[in-house]
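Just passing along the structure, written as structure tokens.
Chain nomenclature is as follows: A, B, C, D, E and F, assigned in order of appearance, with residue numbering initiated at 1 for each chain independently.
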């Protein structure tokens, strides 16, 4: 099976890091294809950027020319998953939700350690909408901007681990979720310091995409995620209109 | 004061209907400027379209060249309000929330009557995120697509009123909210049949925008709605990149 | 239009302060008539006093001889709003709810800074019943009794601002609501120290009363707020029975 | 021990019926003293009347000249219990809450069958504030006004039982609570028809008052129910000011 | 009436302490019969032990040969109450719930002080399932294992009181509940230090069992607590199969 | 990897059906070992039986002599998962939760169709404790006892599908979960009739066990699921005491 893992920002090095983590998690026979949006912000840290990214991710998937069996939206706490579910027939897994689902299986509560303080409310909202906030002990910010994570991995581990320790001690978290796609690969270092299981969303999403595909399951189309109704659309898909990709590349199925 | 009322779809006649309702609600001295997005769907009926519309609305406001004191997002249950709040210093009022706020002041519960069944979950989610779902008795669908509302106003009143009557009787609603920007102007006809107060979101939003401006209040910038951080952005604003408007038109303040 | 602003206690100087704030907030053409109950406590700080005050406020409105278009109950977190809604045909706005409604439009969360610790549960209960507690970050007490607010405004600002700062920092509040009718006028001083928008309930209530009246909306009479059923009542209205006002003064409409 | 059972309305025959039920429930050694307010409505069916009744009940207890060990507020879903708790050192038990507490011990869910439809929201609110709404399957109205209950007991049983049957079948209630003080004595007739245990609030309150007294427990005075602060009060207690009772009768302890 | 009070562990001295507290709380005419399970753990501190204990308690009640009027499960936060309710026709009262019910009658909020940190989630879950968590301010651990409570009563009081003080100050608790059957008898010492009413679950359960029996009420059998359906069972009752008691001892009614 | 799939009842044919479904879902390389408890009820339909089953399942796993990598508890809505998590170091997956997790990934809401009406509350409780009830549209009963499912598969499909259709239409479910281990294999037949994806818990649990194992994750031992503390235990493990298995068979790791 082939899984598209779509980064939510335009930073190629981050796409590569996410792809590496996805490949590490993948079962034999699972092929990972990592995509970077054709437009949008270099990192997503706020609602305005997240809405733009949601559209850029949908656009990027439409631009992908070839078959695939599942799509992973690899941005933590970002808008857009519902749109992909409407557009596609294959399963769509958001890394925020994937991490929360697996965390709830191995601990009574979990905490998310994310980047900036401003990301906290957005993550809480996404978890709430997915029905996964009840067992979330806290969402904490490490204070590190997204792009600094890869520039300074030592500091990243230090700051994330510090918040993880507080989450376990003060918020009674039993599992830690790394709250940014760019934190993939830091699990072991954080686990050592926090003393509880640590989860990365991309890895979790790969396993859940494999699970759904393995059981022959995909998105219910009965109501919320029914395909868009046919209607006039101006300048869509945006990337094609902008000349960033060519419509003939578009997949037939979407 | 000047209020920008931004339609969420590209249908000009709907922009005009919304503008007319807004002007009717406006106090003397409130100027209404109605805007239509430069791109996006002809009507918004689902998440994929709503995410695209969210971006198109932000783009449209950035394209507006001139001063203004408040912005109204005139789509019911749509994504995007948080992005506008980050981009702008003036108050931003979403018509979904505006209607719910006023409804809660005049009844213990309210019901929303919207267009298609598929819109129901999205409206519930937006009300939940805004903290306004607790007193919502139900969100009901009339079965009418957005664009049919203006083509067939008699049928619209009939179908909407039928659901309103059921909401009052079966769901114990005490106030009815019209759940689509395109229903503006149907209040009186529905009120006569349902026997309870009926609210239109655009009208409510105009009064709340006037209220906030009148008290010198605007969006808190301390955390969730802080301005976007400066960073590389590809192809933003989209409308300008697409040649739909010219960057020199952009407002300085945003 | 004329708005009755009813203080909940018998302290005339507080009625005047509230009236001043209401007039400052009022649009041109909005006349403010401030009323003091004919009986009850000098300040309301607890349930026993609040229940008595609820009755005294209803009694005071019944005693008012003349037309009016809306009524504001100017006590923070007090009982009684539902009773007024049953008695009257015009909109009734409680300052607690008014402040919360506007706060939710300009921030994701708000905190209330009130007077004594004992007032906190009552405010939480009133917000919960109104369906407005979900986005309330905290209700904090400044430790100042109601009547000390006007005797010692400098200390009031200092204590309120200190709690406001903590609410923003520790409870993640994005907007501050002044939790006592007697705090009207302190907004600017608290805002300077807390760094977030600050709202006074009386001012908010004036704008919402104007909004409802401007849209021709009033309380739904279908169920919860239906008029009292005709029946024998002993000693009602109490103020008239006590000789504090004369029944012939009573408004015909109530 | 002596328990004051205070009717919330001025209808003497209803006080007597409540007293009879209380005496039937009382353990040997428990003396029941039933009181009727000195003023207020003949029946309580709505918020305005309920607020007035709350004050009349407090006034009536203050007028009582003699020792007592607990107070029962015998109105279903009415305001006022918190005020009594502030005024008194002895336990105060509200019949609404008492019934819910015992119902939750003998079934997973319970439904309340009350009088008029307009009483439903008020009962829901009181249960919510008491933290007892989570296991309430429904509050249903029989359509019978309070005073008709004793005039037409056969019809009362028929209408109440019909709603009880629906609550068990449609709302999945496992216990029925009689939702009006005036329904005392109908338990057996309703139980026969509904096939589940049926509870009367007055009886439940007597047992809970005995329980608290038996364990030497009374209201916590640390915060919410602290005694009223000393301050000027106009025309309080109202009944004394109205000449309905004489201040020299007042208990020293309150 | 006779009440069976069943300890959840096999420690005889703890059964005796619980029995003593139950007898102290019992009304004249209430006979207390205290039972110790025939098998299971010496103390219950975790889910595995609690599930085993749940079965051992049911087994012990089945082994009891003689009439009784109510059963009390005297373990705090333990599994099993629903099973007893299915097996028996008489009322079943769990001490966790009993304490919470009475606590809610005398304060707006309560906190539980239990033994080990690991017991906290289990207690929260049991309160949540019983619909009693809403007014629970916190569940705090004293750090003392169950069996140390009786070995070191002075230290027990010190540690429990310390957490009680924090619960009142930091969590805004107004009542303290002793969160272990083995804490019976420490109420007064903790109350002196914490300054708020303190409740023991066993005592509370005795009064509630008396209340239900006094009103002729028992478990609703309509759905959740219907008797087990007749079917093949291997090795049940376990204690009889293990030769720990003889089937001829079993009560006819169960 | 080897996964133990433990049936919750003693009916061997049901163990085999569950094993077959598990093997069908398993990835290449996943070995399924299906176990039947040594004691307990022939089917689990209520709390008393479920508590007994919880203990029998723990006992059965302890009796298993050999290595394994994960344990699946194959009973829908049953007690006991937390106990297994304390006893074991490998991941434990409950089929109720597994089905809900996957259902939430492919639809906004899901409904469970179970056997008897009396099972409904227990399933709701288990989902609530797992933090998975928020997106559950309903739990419906087909009216079929557990053991009749395999005796009458045609009727089973008919009754289950009928409730599934109602769940989709009336409760707005977008995914159906089969609410009994014994329904494994009916997915396709129900899906055809209901028109939405249908999930079996055993299959879902196999994929989630593979997911956790594949990522090297297991239960957090920091608090709720810490191993039982060493202490005297009477007659544990029960099966060994009963001579149903021999202690020397017990795994060293547990």
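Keep this in mind: a contact is a pair of C-beta atoms (placed from the backbone, for glycine too) under 8 Å apart; a residue touches a chain by one contact, two chains touch by 3 or more.
Fair warning: this is a prediction, and the values are worked out from it, not measured in the lab.
Taking each chain's centre as the mean of its C-alpha atoms, the one that lies farthest from the centre of chain B is E. At the interface between chain A and chain F, two copies of one sequence, more than half of the residue numbers in use are shared by both copies.
Legend: contact pairs of D-E compared by residue number with A-F, A-B or E-F; the interface matching in over half of them is A-F.
With centres set at the average Cα position, the gap from chain B to chain E is 54 Å.
Separation between the centroids of chain B and chain C, computed from CA atoms only, is 29 Å. If each chain is reduced to the centroid of its CA atoms, chain B and chain D end up 46 Å from each other. Within chain A, the positions touching two or more other chains are listed as 108, 120-121, 172, 223-225. Looking at the complex, you find that chain B touches chain A at residues 10, 38-43, 45-52, 54-55, 58, 79-80, 82-87, 117-118, 120-122, 125, 128-129, 145, 147, 223-226, 228-229, 231-236, 238, 241-242, 244.
On chain D, the positions that touch chain E within their shared complex are 25, 27, 91, 93, 97-98, 101-102, 104-108, 130-132, 134-135, 168, 172, 174-175, 195-197, 199, 203-204, 207-208, 210-212, 214-215, 217-220, 222-225.
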